[in-house]
Every structure is written in C-alpha cells, then in structure tokens.
Amino acid sequence: MSTPPDVVRSAYAQLAVTDLAAARWFWVDMLGLHVQHEDADALYLRGTDELTHHSLVLRAGPVAALDHIAYRVRAPEDVERAGRFFAELGRPVRRVPAGAGTHGVGDAVRVVDPLGFTVEFFHGIARGERLIQRYDLHRGARIARLDHFNVCTPDIPAAYAHYRSLGFGCSETIEGDEHELYAAWMYRKQTVHDVAFTGGAGPRLHHVGMATHESHQVLHIADVFGSLGEERHIERGPGRHGVSNAFYVYLRDPDGHRVEIYTSDYYTGDPDHETYRWNVHDDRRRDFWGNAVIESWYKEASPVLDLDGAVQPVSESVLDESAVQVGADGLGIVDGTKG
Amino acid sequence: MSTPPDVVRSAYAQLAVTDLAAARWFWVDMLGLHVQHEDADALYLRGTDELTHHSLVLRAGPVAALDHIAYRVRAPEDVERAGRFFAELGRPVRRVPAGAGTHGVGDAVRVVDPLGFTVEFFHGIARGERLIQRYDLHRGARIARLDHFNVCTPDIPAAYAHYRSLGFGCSETIEGDEHELYAAWMYRKQTVHDVAFTGGAGPRLHHVGMATHESHQVLHIADVFGSLGEERHIERGPGRHGVSNAFYVYLRDPDGHRVEIYTSDYYTGDPDHETYRWNVHDDRRRDFWGNAVIESWYKEASPVLDLDGAVQPVSESVLDESAVQVGADGLGIVDGTKG
Amino acid sequence: MSTPPDVVRSAYAQLAVTDLAAARWFWVDMLGLHVQHEDADALYLRGTDELTHHSLVLRAGPVAALDHIAYRVRAPEDVERAGRFFAELGRPVRRVPAGAGTHGVGDAVRVVDPLGFTVEFFHGIARGERLIQRYDLHRGARIARLDHFNVCTPDIPAAYAHYRSLGFGCSETIEGDEHELYAAWMYRKQTVHDVAFTGGAGPRLHHVGMATHESHQVLHIADVFGSLGEERHIERGPGRHGVSNAFYVYLRDPDGHRVEIYTSDYYTGDPDHETYRWNVHDDRRRDFWGNAVIESWYKEASPVLDLDGAVQPVSESVLDESAVQVGADGLGIVDGTKG
Amino acid sequence: MSTPPDVVRSAYAQLAVTDLAAARWFWVDMLGLHVQHEDADALYLRGTDELTHHSLVLRAGPVAALDHIAYRVRAPEDVERAGRFFAELGRPVRRVPAGAGTHGVGDAVRVVDPLGFTVEFFHGIARGERLIQRYDLHRGARIARLDHFNVCTPDIPAAYAHYRSLGFGCSETIEGDEHELYAAWMYRKQTVHDVAFTGGAGPRLHHVGMATHESHQVLHIADVFGSLGEERHIERGPGRHGVSNAFYVYLRDPDGHRVEIYTSDYYTGDPDHETYRWNVHDDRRRDFWGNAVIESWYKEASPVLDLDGAVQPVSESVLDESAVQVGADGLGIVDGTKG
C-alpha cells in the first residue's frame, strides 16, 4: 500500500445551491462570511481568521447537493500521493490542474472515497488578506474559520477505518454496550475534529462546522434569525455538545444545507491523545444538558455529487442511533417530560 | 374602594420542601444562593445584589408547595393599606406581627388574593451585607436577585384586572386573534415584570425568576448540572424568550419547584410605557428561536398553601395556550421538523 | 418652597459638534446608535431599548459644547413645576413650547441650574419603533439606552444638596477621611445613577453614559476602534468601576466629547436604599482592579452653553480627587509600578 | 548537526517559590488550578483541559526563580535527540531518568540552552483524569491549559535563530524600521506560540501564559482579586493584545512570578503560515486599544536557575522596546494624555 497524503486539515466545502441570491443572503448577509471572490455562478467565502482564499464555495446548480469536500495537504507531492492512494483502493481518481478546478486552488486531485464522497486534496491555495483584527468587518456569527465536515454514512466502522488509514486520530466516539460504533470524531489539526461520521443513509453531507470564538456569538446569530422572523432556519440549539464539549447552533440554509456554528473545543495534539468514548445511552452525548435532538437533525442531510456532477445513490445504515431510547434524547419523548 | 398598598417589588417566595438537605444542595451548592440565615427547618437565601435579608425561604414541610409570595411595600402604612384593600375584596386577611412570621421580616399582612394565592405584604426587613463586589463568593448561577414570580391561574383577564387594581403596569401580553388574553407580564419595579400569569389550572406557582447579569452565567449553570449527570434538573432551555427578550434556563428542584435563571430584560419605568402584544400564533413568543416548549413546562406547577397551610384546590383554565398549534411551538411537533 | 418636578430619569443630552459628518462617523457608524431623525444641522439618535424619540442630539455648532441635558418628568404639570422651582431659586428659566425646541420633544422648560448647567425638563416626547428585538440592526457597541450624565462641578456638596432637593437618591459617594465629599452618584430611575458629579472646574460635562447589555459588547467597541487605527478615541478602559460595579470604557468623539459605554450596575429602587461610601484612598474606587486613571480623564471635559448659546465660564474646584496619592490610582505613578 | 527533537508543545514550568502556602493561595485558591499531586515541598497543578499530569510545578525553595521550562517531544527517541542536539551545541546536558526528576515525568534530559535557560525535554508523562466537562470543579480563572512561556533575553535574533533550529515556526514579530527584531512569538503546536521572547536583561522568565476559553473568564479573575483587596496582584490589563489578538490579564504571584491569563488566539497549523510583522512604533502592538504598558511589565522578571539550582547571571539587552516613544505605549506618557 502506498503512503497516504499528509493531510493538514479540512479546508473547504463546495456546495451546489439552487438560488445563489438566496444562498448569499444566508451565508453572507446573515452569517457574515467574507466574500473573497465571486463570479456569475459562484461565491468564494471565508471566515475572519482564515488566511487562505476560501473555506466555502457556493456554486449555482440545478440540485442542492455537496459538490465535494476538500482537504489541504502538507506538500505539493502529497497531492500526487493522494491520487496514488485512492487509485490503489480502486476508487475513481481525477487530476484537476490549477485553473481547471475551483478558483484559487492549485493542482488538485479529486476522488470518490470508499464512503462515496467526492473529496479533493490540494496543497496550493491563494491567500486572503488578514481580517483577524478587522473587528469593524466582523458581522453575524463572526465566523473565524471552517472547523469540520460531518458526513452521514451507513457503515461507521468502515468510515473510521478509512480515515485511520489516512492518518486521522480519533478524539471521541459514541458506542453501544458492545462497543459497536455509532459515531466517531476524527482529526488531523489539533482540534476535536476535521471530519465526523453520523450514522444514517449515505453518502450524504450532514453539515459543515464553522468555528466562532465565544459562545455569545452563537447566541447572537440565533437572535438575528429570530429578529427577522426567519427562525425556521434555526434547526437545533443553541446547546452544549457532550461530544466535543463545544457550544453550538445548527442552521439550515435556503436549500436545506446544514451549518453548525461551533465554539470552544479542546487541544488534541499530543501524540498519545486518547479517544473519549460515550455510551449511546448517555443522554448527554448529543446535548450535554439532556435536551432532545429534533428528528430532522437525525434524518435529513444533503445529497452528494460524483465526479461528473450526478447525485450519488445512498445506502441505508445498519445501526440507528436515533432509535436508541435514552430519556429525553434521541427521539424518546414519550410522555412530554424529560425524565 | 380603599387605596391599594404602594408595592415596590416582588420580594421573596417561601417554598415548602420535603427534604431540606436536598433543597440545600440544589439552591445553595448548585445555584450558589447565599445563606443569610438558617435554623432547624428553614434556609433564608439571597442573591449577590440583594441588600435585604432574603429573597427565597425554603421551609421543611410535608408537601412540596408554595407557602406564600411576598411583596415589599413603600411605607409602613402600606402594610395596613394592604390589609384593608383585601378585606374590602372579601378575601381572608391575617396580620403577622414582626417576629411571628418569616424570620427577618417586620410587620406584615398575609392575604389570600382573588387568584387563590397566599400573598404577604411587608415593609420592614433586615438587611444583608453587601455582596455585589464579593466576586470571590459568587458561585453557580451567580444569581444577582429575585426578579419575578410566575403563577398559573385559570382566568388570565381576572388576574390582569386584579394586579392592575394594585397599580401594576403591563409590559407584555400573549393574545389571541380576538385579543383574548393568554398570558400577561406585570411590573412595579422598572423591569419587565414582578409577576406574570401563565394560563392553566390554578392557583399554582409556575416558577420563581432569578436574575443573573450575563448570558454566559445561564450557560454555566446548565453546564454544571450536566457535569454531574444531573441534567434531569434542566427542564427547558437555555433559550431566548420572545416575551421579555430575556435569556433563560428553567430548572426543577428536587421537589419539582421550578426556577428560571433569567438575564437581560429592559427598562419599563417611563410613565407611558406601552404594553407589547404577542399573538399566540407567533412561535417566537415563548422562544425567540422558535424552539418547541416542552410539555411539562406547560403542564406542571407547584401547589399553593392557604393561610393555614392546607393545599389549595385548583380550577382548570378556559384557554389553553399549549393547545395552540404554531409550528414548532406549543406541542405542535407533528412531523418531527420545525417548519 | 414649591414642589419640585417629579423627575423620571435622565432623558437626553444635546451636544454641539463642530463637524457633523465626523460626529456621525463616531456615534452612528462606530457606536451604532440608531438615527431616528435628521435634518440639515442635527442628528437625533437613540439606543435599541429606547422607545422615545432620542437620547442624544448632535447639533452642528461653532464650538464643541454641551447645549443642555434633559430630564423627563412624570406628568405634564411637572414641566410647569420645574419652571416654578428654578424661578424660586432665582435661576434663569425659559419656556420652550413644543415645536420651538428640540425636535420630537413636547412642551419644556429650560433652566440654568445652580451648578451652571442648562437643563431641560419635559414630559411629552415622540415615540420610536421598538428595536429591542431587532438584533439584525444592533451594531457597534450595541447601545441599549442612555444611562446617565456625569458633570464636573467645583462644589460637590452643593451639587449633592441641589439634586437631593429635586428628589434624587444617592447610591454611592467618594469621601475623604473627614467625610468631605469628592464625588456622588444620584438617581431617580432604579439604577445606580441618572447624574454623577466629578470634582473639577465647572460647569463642564464630563461624559454621557450609555448602557449596553453585556461586557463583551464593551470589549467589542474597543476592538473596533483598534481595528481602524482609531485607538486614540479610547481614553480609558475597558475596566471595572469600583463605584457602581459597572464594566466600562471611555471614548472621546472627534470634538473631544466623552462617552462611557457602561454595563451591569444594580437595582436601587427600594425606599431605604443606602448610600455606599468609598474612601478616596481606596484605589479600587475608580477602577476595581487598581489600574491608574489617565490624567486627561480627570482634567478634560466639555464646556457648557447658557440659554443663549454662550459658553459658560468655569470655576475651579476646591477639592482635587486626582491629587490624592493612592498607589496606582489618581496620578500617583511614582516609580512605574502599581504597588 | 544532528536532528533536533520533534517538539510537540510547551508542557510545563517548574517555579521555585519561597512560601508554598502563599503560592497555593494564589495558584489554587484564586486562579483555580487543579491540584493533581502534592508532597511536602511541591504542588503539581494543571488546567481543566489538560490530560497530562501537570503544567505547573511549584517547588518550595530559598529564592523565587524559574527551575526550568519543559517541552514535550513526540517520541521517546526525541528525548535522546534533544540530549545530542544540545551537546553538539556545547551546552550543558544532564540525563534525568524517570523517578529522578519531576514527579509524573518519564525519562528526560535537561539542558542549559543557548539563551541560558534550563530546559527539559521529555516524552512520557502520567495522565490526569478528564476534567474538561467537570464544570462543577471549574473555579477562578477557569484555566484550560498552559499556553506558552515568555522569556526575557538580551539577544532576540539569537533566540529566534535557536528556536528556528529546533523547528519552531514564527507567528508574529515586533520589528524596527530596519527590521531589527524587538520580539518574536514562536510555535510548535497550532497556536500563536509556545514560546515568546521579550527583549531585556536575561535569561529571565517574563511569564507563563495560561489559556482560558472566553474573555469573561479573564474579567472574572480580575474581579476576584479586586473583591479581596488583592488588586496589587493585577499588574496589567485586562486588555487585548495587538500581537496574537488574545485577550489578557497579567497577574503577579506572591513571589512576583508573572502569569498571563490569555484567551482566543488563532490557528497557525498550515505549512505556509506567514509571520505577521508589527512595527515597534505601532502603539497597538502591545495593547490593541493603545493603552500604555506599565513600566514594571517591561522591567521585572523572574531569575532562572542553572542545572545545579544556582541563579544564572543576566546580561543586559541591546535593543530596548520600552524606550521606543510611541504615543501612549511604551512608557511614553509625556503629558498625561494618550494622543
């Protein structure tokens, strides 16, 4: 088996949206992402702490879907390593030279990974002006940077094994009594995750996670949606995650793409960082305060496109975390009380 | 009709609890209220900004219930005015001289008001040491002061009319399309409320509201309960109220008494302050982010005791706000989504 | 002596500014005050929680100065009471009928008070749309409302006695060892103050205090000024006051007018609320963390205009708080250390 | 030249303190660090997010000084690499087998580095119970983890070159008009720094930096010191750094050791992360709001001990940042105003 690419971090997601103006309202006017570049059919956005060209691309398209997720790799030769690695796995691989793919990105390869997602690996990317200390431009959710991707996949152990083979560490899991794996959070950069797996029909994109610096900024973006009577875009939270310990809110964009505004996880960079394992019956795992998870959060997700832009078929999952009856969590609201 | 007493503010609630040690754990060890005084069967507690002896009394008793709520009046003669006012209404009135009633409180009258609640009016009260700037002693929810009482009563218009006759202003209401009154928030001090009415079987105490200074303190107390696996005490929230605009969390004590940790409402002291009216179909009224209200929050409340300590019978309400179908709010979760 | 007017609260300040565009940049673009009305030579501004027409008027004029401060009174007849009260004191009094004075304000009287300040008393004022829950419009320092005026006056005991005669309570003082009065904080609404006196040459306006809801908003406005290289507008803080316990930052507008962004003081509405007395040698009185007060904060202030718009002459003060040597406070930095 | 050790991060500082009980009051009772282990003459402390045994050791000793700073290395063989690396530099090197050195730490080497600091490199360290979600135990400054060391050294370019040779990146610098280096911030983990250099007589320890999650926690610890009249322990801030963008407060322990409570810097993990260069004349570099730096902060620091526990002699620096006259910054307060 060839050497895997040295992945630095989750770098950007490219979403197909059916109404670019509506998407701009949501991601730019409301969430406050910075428009680094735009052309007739796409917006290139980033957070205030990001020094690379974009962490989110919104592309106008006929169907709302995930085009691809992208990881940055450490060196130019890691792009080629990625191509070889997935070719050896028998997965589709396509070279995308600089200029032929996403604006601002250098030479890249795109693959369909074993989970069925289109994934890009690149090293070179244009830079953006430093906005960290341009507080005058910070708006909306004051998003600092992309934090992670969360993907729905029917076979969590397979997803886990694949990302382990790519050199990812595992910070946290949700497991059954027999250690059957319901969910996993995996990282390359020194945070809780760059990618996480939610059990369910897949491949589908559950959400992109965007980091902000303090919890009051999470509250503020929820307040802004409420102000305008647009509270239907708030799907779940604000709340504290058990897993990751981060404070969150989940929002849905006009196409139903889900974004998590997320703050304050912890350092995972030590070489012997241990996986923290949550039992699926602990009702604090998804919300540390024991608040119920809304059904749509477990059931709905964005379809993903293959290398040619066709919607990938999905497979059903084997284990269903949302079916686990754990007090207020899951969908176990039986009698209208939490107890 | 005689002159009503000049009420200054909601002053304290006295709760009967069935296990004083368990109550102490909740209110003192967890919430961080300051113990101003204690004897064999009662605890006298206050927040850090309060300069009077207590804002909450926990009394050991055979049944978990509200003993009484108490309002401070402006002058000693307002105590007598209160007695005359309720006597003229034909309500039970009992004089409670200093030393005969609640520790620390001067001459008082206790009445059963037209809503069926035992209500005390007093002027004199012992003082407590200034703790506002004793940040070293601030713990738990860092409660600054009692903010309000919320009471369940079946006839909201009658409750509204009664408190108007006592000189209370009305900051906000929830109303139906024909302006039928579902709920009202009424004040004497210059905040959104000293008392609010929730429609439902009554008389019952829905909750006492305790004010803290900033929203992160509301989040922190929820985190502390989660830390200890005591998240069952978190009933609803944290969230933003539509009504009052305050940020809140509702907790239940070991006896089921409900407390709201509440922060950041607005000034209501102008003489022409107008009532702000919410339509019962606006799903932001109870939670500004459109999150559903849990059923127990609408249905459960503490019984109240009469002047002799017997549990008051309750009457059912006419209008049921929780039955109003408004998207995610009320209990209108039909298909597991918010929309 | 006639009955004094029943003052409700500090209501607005009208400032003469020499460059209205520059003032607009500071107060609107930077601080985020809402423009309720504007005409060729004036801006009428308010905070998000204010339901009356304005709390700050910026008027173009040849000299940067305070036109007048204004108090709202409880009833229309209190306007006339104010006129009689100051006439009996032998002070200049001028009736200003609705339409003849400040836009949006009803019948008023303007007086030159015994401290030498032009002070308006009014009851009627136009209303403004409710913005409390328009979080989408909250910007800059997210100012909720005017909180108080702080005025420089050479004779603090005389200022204290005057405002006592107007029915103001006193929340806090700074006193010498013999109880000589260095400063006082006085209120009508149920906060720490509507007006405060800083010893120094007077009459001059030390600052207007604007309230915001949480401390992170105070930090944010300082960050915004830093972002643009406009940090010279940040004069002092952010910091915690000993007096009032509020968290603050002092800013200077392009004309040098000082504004305090202020959050989180305490309730003062009880009838027997006691004055809290700070000794002038306690270095926490002006900054609870013992940080030194910058000299300009003690020495500089805005001139005030008389009823005809002429700049009032100033008298020097007798007691000089800034000359008191108290460790790091005052200007007692002798050896470059705090101790 | 041999391969340098692969440093993971700044790991712990060991301080000699002259009064262990007083040090415990400051670091444990006030700051809230968790006591992981203690014996007769030492305390082993850590923050709530740290999973390794300690990040601060307080050892009773005759003179207040830095015993050593310690870096964790990626693999056991990196310990030996460190020994060889410094031996080749001609620096003193001492092997410290597990059990012979600091409690909880495995095999280590200690060296005197070219800057004159005693520095330990280790790989193995005992683990501590996970406290991240034990909010019930979070107290004081709610310190999450050690963030960095800041050291005084007279020759900044030499310090920079040495740490570059150890594989550290450089996030930010302060430079003169001719790019002469006044200060540098260098990192291995993906934050702004693990170590920073302040120009001045050295070797001396300027401070240890401890990270907390949100800015209100920085404010709170300042408030706690003020509450107890212990504000002399607050040396500088709270404030926003220009360099690093973090929100900070500097405290001095009973021996004068300085600690920075620090929150919210940014991700530096990309392979081409660029150094951000501040000009020494920008008064925002040390405080983003332009507030003056107190002289003691520039002048005072802790002596350091050699491998045998003797106090190292210090050399004077060539460049003196504090002598640069930049408006309010440095010590350039000429006329008592900021401008």
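Think of it as A, B, C and D in the order they're written, each chain with its own count starting at 1.
In the analysis below, a residue touches a chain if its C-beta (ideal position, glycine included) is under 8 Å from a C-beta of that chain, and two chains touch if they have at least 3 such contacts.
What you see is a predicted model, and the numbers here were worked out from it, not measured in a lab.
A.B. asks: Farthest chain from chain D, comparing Cα centres?
C.D. replies: Using the mean of the C-alpha atoms as each chain's centre, the farthest one from chain D is B.
A.B. asks: Interface check for copies chain A and chain B. Shared numbers divided by all numbers used: above half gives same, below half gives different; which is it?
C.D. replies: Since more than half of the residue numbers are used by both chains, the interface counts as same.
A.B. asks: Roughly how many whole angstrom separate the Cα centroids of chain A and chain C?
C.D. replies: Measuring from centre to centre gives 49 Å for this pair.
A.B. asks: Between chain C and chain D, what's the gap in Å when you average each chain's C-alpha atoms?
C.D. replies: Comparing mean C-alpha positions, chain D is 42 Å from chain C.
A.B. asks: Which parts of chain C, given as residue numbers and ranges, touch two or more other chains?
C.D. replies: 133, 214-216, 223, 226, 242, 288
A.B. asks: Pick one for the touching-chains graph, please: line, ring, star, complete, other.
C.D. replies: Shape of the chain contacts: complete, all pairs touching.
A.B. asks: Touching chain D in the complex: which residues of chain A?
C.D. replies: 8-9, 49, 51-52, 72, 74-75, 127, 130, 132-133, 144-145, 189-190, 213-215, 242, 245, 264, 266-267, 269-271, 273-274, 276, 288
A.B. asks: Quick one: which bits of chain D touch chain C in the complex? Just the residue numbers, please.
C.D. replies: These residues of chain D touch chain C: 215-216, 219, 222-223, 225-226, 229, 231-232, 234-235, 238-240, 242, 247, 283-284, 288-291, 294-296, 299-300, 327, 331, 335-339.
A.B. asks: Quick check on the complex: what are the chain B residues that touch chain D?
C.D. replies: The contact residues of chain B facing chain D are 133-137, 214, 216, 220, 223-224, 226-228.
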